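In this document, chain identifiers A, B and C correspond to the written order of the chains, with residue numbering beginning at 1 in each.
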């Protein structure tokens, strides 16, 4: 049994989903593990990780639209302010909430030498801030 | 240290939760691991995995009702369409959103020969499509 | 390669987030693993685990406020009851839903002898019940 770690850097350009399936798959392949487990952990609290459909680009756009509606930036609704934490900008507290509603980490079994993703599954960084960011994803693989 | 992988197939019959705790527990037991880690990963983007109470069947029904209200199928709200991705039916984009709001994967420590689930915890496939489906869950166990 | 398991007990005093980063970090350090993977699993269905910002205490308060609004306790909205499962109190079914919307488990790579958490990331038990509770979190670490 052996293990290895790595870190991926993903440049984001505003709210939305950024796929990193290919980078992760190439790294997994390079480890030469037939059976094992891959874990990805995003090292931020205003971006998250999701596994989503990578066939129709409308899916990731609709996801962004839904989360923007569910967790509004506007700090008032019926007169009462929604957020106390506003110092880092109107998009920061909604970003933390969106991160809590999705995932910080995903683990995927390695079977027959590759991640057991379904046909349409892609791994995405879900960026919740408006500004461009450099997001770091820590990776761990174990197996043989 | 050793590891093993498997795949579970769960037949779903419309939206709602389908328990697979017993199948997974039996498989874990058959591996004969005293200490370890089990990971389950659902290979789909319109169904997900959740750990929920398995005592009162009303809990899983209330969960389904809540998610149906939070992520409506109807593609309009105050005149503006909610979803662009409508080609695969009115339940498909809501299914992707419901999957993003829950989990694609769960990992559970094995302690004293069995999964460290709480007394009332059950593992469920959360089906988000209307039609019957065959859902595949990849499993990985490591330990000794 | 070696592994170890443990259990953390967290006393909660009503809805909100309770940090356990330091306890987990101390335990990880005591294992002496340079590279590896830590997994935490909460053994309850009315509390959950989240990784959130631990710098500004307003963030965790805003999170609680958001979830209280998203998953109301009041069992009626426009005349129709929201929940069937009411026997364990008005906060129990909302607690299960809040747990489904967040995480039951987190896994974090160990790199250079410590968890690869970002600068502002803290690990929290998210309590969803009103009353004080004793929450158990099962932990597993593997590596070398």
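What to note about this one:
Rule of thumb we're sticking to: contacts are C-beta pairs under 8 Å (C-beta built on N, C-alpha and C of every residue); 3 or more make two chains touch, one makes a residue touch a chain.
What you see is a predicted model, and the numbers here were worked out from it, not measured in a lab.
Homomeric contact chain A/chain C: same residue numbering on both sides for under half of the interface positions. Summary of the copy comparison: rotating chain B onto chain C for the best CA superposition needs 120 degrees, to the nearest 5.
Chain geometry summary: the mean Cα position of chain A and that of chain C are 19 Å apart. Across the assembly, chain C contributes 1, 37, 70, 101, 103, 107, 142 as residues in contact with two or more other chains. Residues of chain B touching chain A in their complex: 1-5, 7, 37, 39, 41-46, 70-71, 82-85, 87, 93, 96-97, 99-101, 103-105, 107, 136, 138-140, 142.
Chain A contributes residues 1, 35-37, 50-53, 56, 58-59, 61-63, 65-66, 70, 101-103, 106-111, 116-118, 120-121, 126, 142-144 to its touches with chain B in the complex.
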